[in-house]
Amino acid sequence: MSAYSAKAPLGLKIAAGAGLAFLHLPILLIFVYAFTTEEKSYQWPPPGLTMKWFAVTWNRPDVWEALYLSLQVAAISTAIAVVLGSFCAAAVAKSRFFGREAVSLMVILPIALPGIITGIALRSAFHLADIPYSMWTIILGHATFCVVVVYNNAVARFRRTSGSLIEASMDLGANGFQTLRYVILPNIGTALLAGGMLAFALSFDEVIVTTFTAGQQATLPIWMLEELVRPRQRPVTNVVAMVVVLVTFLPILGAYYLTRDGDKTAGHGK
Amino acid sequence: MQSAVLFKAVSRLYGDVRAVDAVDLDVRAGEFFAMLGPSGSGKTTSLRLIAGFELPTAGEIEIFGESAKGVPPYRRNVNTVFQDYALFPHMSVRDNVAYGLMIAGMGKKQRHAKAEETLELVRLPGYGDRAPSALSGGQRQRVALARALVNQPKVLLLDEPLGALDLKLREQMQEELKSLQQSLGITFIFVTHDQGEALSMADRVAVFNQGQVQQVGTPEEIYQRPDTPFVADFVGSSNVLPAELVRELTGVAAPASLRPEAIRIGQGEAHAATVNSLSYTGAVTKLGLQFRQIQLSALVPAGMPVPERGTSVAIGWDRTALHMMGQGK
Amino acid sequence: MQSAVLFKAVSRLYGDVRAVDAVDLDVRAGEFFAMLGPSGSGKTTSLRLIAGFELPTAGEIEIFGESAKGVPPYRRNVNTVFQDYALFPHMSVRDNVAYGLMIAGMGKKQRHAKAEETLELVRLPGYGDRAPSALSGGQRQRVALARALVNQPKVLLLDEPLGALDLKLREQMQEELKSLQQSLGITFIFVTHDQGEALSMADRVAVFNQGQVQQVGTPEEIYQRPDTPFVADFVGSSNVLPAELVRELTGVAAPASLRPEAIRIGQGEAHAATVNSLSYTGAVTKLGLQFRQIQLSALVPAGMPVPERGTSVAIGWDRTALHMMGQGK
Amino acid sequence: AEMMTELGAGEGEVVIVAWPGYIERGETDKSFDWVTSFEEKTGCKVSVKSANTSDEMVALMNEGGFDLVTASGDASLRLIAGKRVQPVNVDLVPSWSDVDDRLKDAPWHTVDGTHYGIPYMWGPNVLMYNTEAFSEAPTSWKVVFEEMTLSDGKSNQGRVQAYDGPIHIADAANYLMTHKPELGIKSPYELNQEQYDAALDLLRQQRKLVSRYWHDAFIQIDDFKNEGVVASGSWPFQVNLLKGDGVPVASVIPEEGATGWADTTMLHAEAEHPNCAYMWMEHTLSSNLQSDLSVWFGANPSVPAACTDGRGMQTAEGCTANGLDDFDKIKFWTTPVSKCESQEQCVPYYRWVSDYIGVIGGR
Amino acid sequence: MNPSVTASPAVLQRKPGLLARFSDLLWRRPTVLLAVLLAPPVLWLGVIYLGSLFALLAQSFFAIDEFTGLVQYEWTLKTYGELLRPVNLDIITRTVTMAACVTVFAAIVAFPIAYFAARYARGRWKAVFYLGVMLPLWSSYLVKVYAWKLILAKEGILTWGFSKIGLMPLLELILAIPVIGGNSLSVSYIGTFLVFLYVWLPFMILPMQAALERVPVSLLEASADQGANPSETLRHVLLPLALPGVVAGSIFTFSLTLGDYIIPQIVGSSRLFIGQAVYAHQGTAGNIPLAAAFTVVPVVIMGFYLWGAKRMGAFDAL
């Protein structure tokens, strides 16, 4: 970065800082309410602070059930999305074929269209095909919109990875599968991992589509929705939300370090 | 002499683009063969056809007498040094070099020993543990070379391997490559668009233009006796005299080439010309001359008197220096 | 003569890296000034200091006698032709060229007329409507030039403007740039790591190494009388004889440079050497000679007899060809 | 499906669509639990899906996967007509004889003499008000329909709420029955075009007073606490909970009378667990459910004995307070149909739905 | 080096094994490879997802029996007739206006953050900005929305804060603005807007930042070199070049606002948005055909939007 512009103008600093604060104050509030002593409705300022909700949460079996379901759903959806997304990315990045544009559009569609559409489309399809709601119907929905996250990460990495690496490997005697194992996977692995983490997080927090594809089971967000509406130990919801934020912090950080390619995108002054 | 690589009327089309257009080529075993030509002339495509990354649209390729038809790259005993080196970024230098051996199923200890040996050959002993990213351009180039050589290929393909290096390093690597090829006896096929490089390194040179081979021959043949105006112009900035002018001078109506260094300047020469540019390049000074309707360039070696810009000079050349050519394509 | 750009002990540090290290420099008004040096020697940084994209860590820069301190790039009457051209991809060629005029508040009609005029100057008339992406490398380069020239800067900075072009085009652009500079009379500061380019184009050359200026002088001075072994080696692949050897030969203990073309080969010369490499480059053949403990290179002009590899030859040179140098840095 | 004629063993599970607060297992308040004992006794595990409006209940039943629904009168007939529920054999429910006689053959679950369910609970839509804003109890629904200054000196604008369901049109009609007798409304569920338009006009006027409609009991509770709402049609359920939280509220059935709901446990036509479902229906009548739920929800049991026989917490006074004796003042929710009894042509329910959306949307 | 070089064959024998043979096939027939790669995603997305979508859209050509609430499977345009009633048109304009406002403001608010993160933040600060944007993005959506309900409520935190610093009259002034004001922020369009803006903001920042980072520094320098001061450079060079990123971000903010039904329900004035209408018609009212017809609206709008975005090259910036 060049010296004359290395220092940000004050106005920009203030605006950026204010923007970040805007993004974070409500989160702080969530944290504060995890400690309030008042349980039915959120009163401001909180009448008192307590740690008891952590114990209460720990002992609530429904939290664990929802958490377990959410983890399962997110894990399986992510796995599916990684496979579908990387396949699609490989095809789109490495060759030009008729309908290539259409395929990339199709991948983007599930997030470009509002989730409610995906939700009710799948729901009515389940209905038509007489598919009973289960964990798998949730997964079906989640995997659909998770594909794009993995796809985007993988396509970007494929573009950056020189095509000659694959040729070099074949040139040195490795057939397609050996090349996949020794060269392609190690090179796009981190991108898939990062994409997978984002997909996991996306699935883990999804409500809109899930409401439609879940039937009677509650993933964590659905559980929260019920819980927030019914004022029974509301701070428990905040405890869960806070713990989830703190726990997702690590994968996000991980994904960041896996995908960043240094500061060079912004470029040195050369 | 045995053919290492034989092209029989090979074409490679991309849609309407004739990247390689009915090329016949015979690379002999053990020679240092250069493919020279401007950008987009089909050099890389030809190389990729040999390696098996591309399939010919028409024609056939033989490698040491065996047809390469239907043989994927990983079953051709041919290795490539890529222009961007294509070192595997996730492997150490040693694992990069040993990659082909690992694929071939050689044990770890043995292949590491061989890799080390080959690194010594390219003068990088002890660099095995480094990551490719921790090497300079020239070093990477040598690792790529070692990785290709360790498999003892019958043919080594090099696609502008020196293009990314700076001048000093390039000159040094040119010498190294040449002597390596001589000591190993492997057939080298070397792609470049730098005529100096092609002439100084190769046993034989093929000059490509627009997907076709214009001339194949030794550097001297190519330089002294270009077959076409294109070759004359491309190889060594020769002066090309149009057929019309040549007829005036000699009575034969064919284009001819005249090397700048073949032009003598000084009292008593036969023709008059005007100096209209001068440029000093150290060893020689390059003159731009207006001679009749064309522009000629001539060289004045260091130490000789250099005429002033704008003055008129007498120029001349040996009869034999004027080399008649076909019209070319 | 007036100074166009004056460096007074200018340094630019990046952390521990002394990119530009206490440089004094005086570029005269109206001259074609080249900055020559290997990669990382501080050429680009110096240029960016002049343009104002970097601020000196120490020292002061004056542009036409006025201190540049605190003057942002957009208020310096200096324009840059960037190495990657940096054409605005979202604007037509015309808008690119007219950009500076638009910023200066010139009306649309007027600035378009001026842009067209400047496009003619760089021999791209009628290209105004194209997108930069629809141009070839050489054409882009000329647009970048036009965009810089249209503002009638007092100093034009060019950072390896020809680096990305291929040989033919590069030679052509060198001539164009040179004649443009002569006709406009603007001060050109030209960065390159290609010594041929620097020598053939510039009025004066500054040779950079590791952030420092090793020598400033005309091409002839730099080439014939290098101040340091680095300059001798870098400019024109001169032979550098170590102080020890020079003492043996002449009695003076200083390193000396000896140009390859100054070495004579043939019967009756004073010293014996062995030919250990040969390379044919068209106009001349380059010999590698083993002479005592060092390796020398010599040139044999086309037409002269070329010795065989491995044979012993007699070599010699004029007393004056041996140019004594300081030790340099 | 055919009506069941005999009961088999329980299937181990029963799935119920219910109003929030209707099926409690002691999670909200330990003393209110009428599920655990059932599960222990029969081995049928109870799962509940709460629905917030009658329309949602119908939709859920149409979708399937449930055994029972606690349908209000405005949903029950639609379910019967859509064949989403099956006739209930009251002989298989031994406590049927204990059911309030006023409910046994009620038209919202009895069609041509066939019973399609077991009465569950009933109650009025009361007027809940904040006792600080109202120094004395309001006597008319006027406070939620017309702008006025309340006894705390501020306008009621923005401080009243209304139910976010098309059935609220009936509340407006009910109000008009008293205040615009010239319209000749006989039943708030049977409105001809003119009467209907008058009701919509009243609701448009109400729109100016209402900031946000309520469709969820708990959100209404939040709004009374945090949004400064002081009066609204409501259920005794919310009144009880708010009182329990120490919010100064009370409720009243104003002079115009009130609409109300009478809910019926109905059996899905394709119920997967019919035996457990029948056991549950019996349980609703015979256990502590009627008594405790009537306290919890502030509603009236469909088994009058539950008020007095001490099977749960409810007492005779409590039942009186909940309006057990106001049965006749209450116009129970039924589905408006075009072929109505009191007049020739009435506006049918589907128009209520879209017109009410329009009114809330400002049209 | 081993001199036996010339003795080895020019063509190596195929290693036995199915995989190796399959690999040969894939090399000889790149279309087979392509098919193998494309089949799973195309089957999943093309058949399951698009299939469901079309099935849903097809349902909009059915109608519902008004009394029983059951779908009658006969082709009819009646449902579209219903969709075009003023009530529903209100919902559509309301939602689209909101989505447009949210998108525009998100772009405005996001710009300084994205710009700072892309151009000035280095090393640790870069990570801070990244996490600062990602963390709110991945924090539970519902809990965030609920937090806003508490902030915006009449007796909520904002009121508390404003009255503490004596700015109540200002708040009242804002609330007195017709149409977008209301009794309290949590029941006004302003409130709904704020929550939408908040929740979708990270979706705007990230692509914008990526696009800004992709603008080569040399272009900015070239602009300065040409005499443009920083704000002129911003206007003439940076913004036009970052536009694809803004468009990519706006795909998210626009589409997410179009389809959300939870936010306007929790914070809003009970006036329906498309998402709520769809939700209500399919869930609460069981009117799948009308719900399907409603979904056609965002599909068509997003169709045009994507088409435009594609032409601007925004997909590469996603």
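Each chain gets a letter, A, B, C, D and E, in the order it is written, and its residues are counted from 1.
In this section, a contact is a pair of C-beta atoms (placed from the backbone, for glycine too) under 8 Å apart; a residue touches a chain by one contact, two chains touch by 3 or more.
Remember, it's a predicted structure, so these values are computed and weren't measured experimentally.
Visitor: Using only the C-alpha atoms, find the rotation that maps chain B onto chain C and quote its angle between 0 and 180 degrees, to the nearest 5.
Guide: Between chain B and chain C the superposing rotation measures out at 180 degrees.
Visitor: Check B-E against A-E and say which one is joined by more contacting C-beta pairs.
Guide: Of B-E and A-E, more C-beta pairs in contact link A-E.
Visitor: How many angstrom between the C-alpha centroids of chain D and chain A?
Guide: Each chain's C-alpha centroid was found; their separation is 41 Å.
Visitor: Just give me the whole-number Å value for how far the CA centre of chain C lies from that of chain E.
Guide: 51
Visitor: Whole-Å distance, chain B centre to chain D centre, using C-alpha means?
Guide: Inter-chain centre distance comes to 91 Å.
Visitor: Counting only Cα atoms for the centres, state how far chain B is from chain C in Å.
Guide: Comparing mean C-alpha positions, chain C is 26 Å from chain B.
Visitor: Find every residue in chain D that makes contact with two or more other chains and list them.
Guide: Answer for chain D, listing residues that touch two or more other chains: 63, 219, 222, 225-226.
Visitor: Note the residues in chain A that touch 2 or more other chains, in rising order.
Guide: Residues 2, 4, 170, 173, 175, 269 of chain A touch two or more partner chains.
Visitor: Which residues belonging to chain E are in contact with no fewer than two other chains?
Guide: Those would be 12, 23-24, 27, 150, 155-156, 216, 218, 221, 224, 282.
Visitor: Contact residues on chain B for chain C in the complex?
Guide: Spelled out, the residues of chain B in touch with chain C are 38-39, 166-168, 171, 174-175, 178-179, 193-196, 199-201, 219-220, 223, 234-237, 259-262, 277, 279-284, 286, 299, 301-303.
Visitor: Touching chain D in the complex: which residues of chain A?
Guide: 40-41, 43, 127, 132-133, 215-216, 226, 229-232
Visitor: Can you tell me which positions in chain C touch chain E when the two form their complex?
Guide: Interface residues on the chain C side: 51-53, 72-75, 78-80, 82, 84, 86-90, 99-100, 102-104, 147-148, 151.
Visitor: Show me the residue ranges of chain E that touch chain C in the complex, using the header's touch definition.
Guide: 216, 218-219, 221-229, 232, 236-237, 240-241
Visitor: Which positions of chain D touch chain E when the two form their complex?
Guide: Those in contact with chain E are residues 52-53, 55-56, 58-59, 62-63, 78, 81-83, 157-159, 164, 210-213, 219, 222, 225-228, 335, 337, 348-350, 353-355, 357-358, 360-363.
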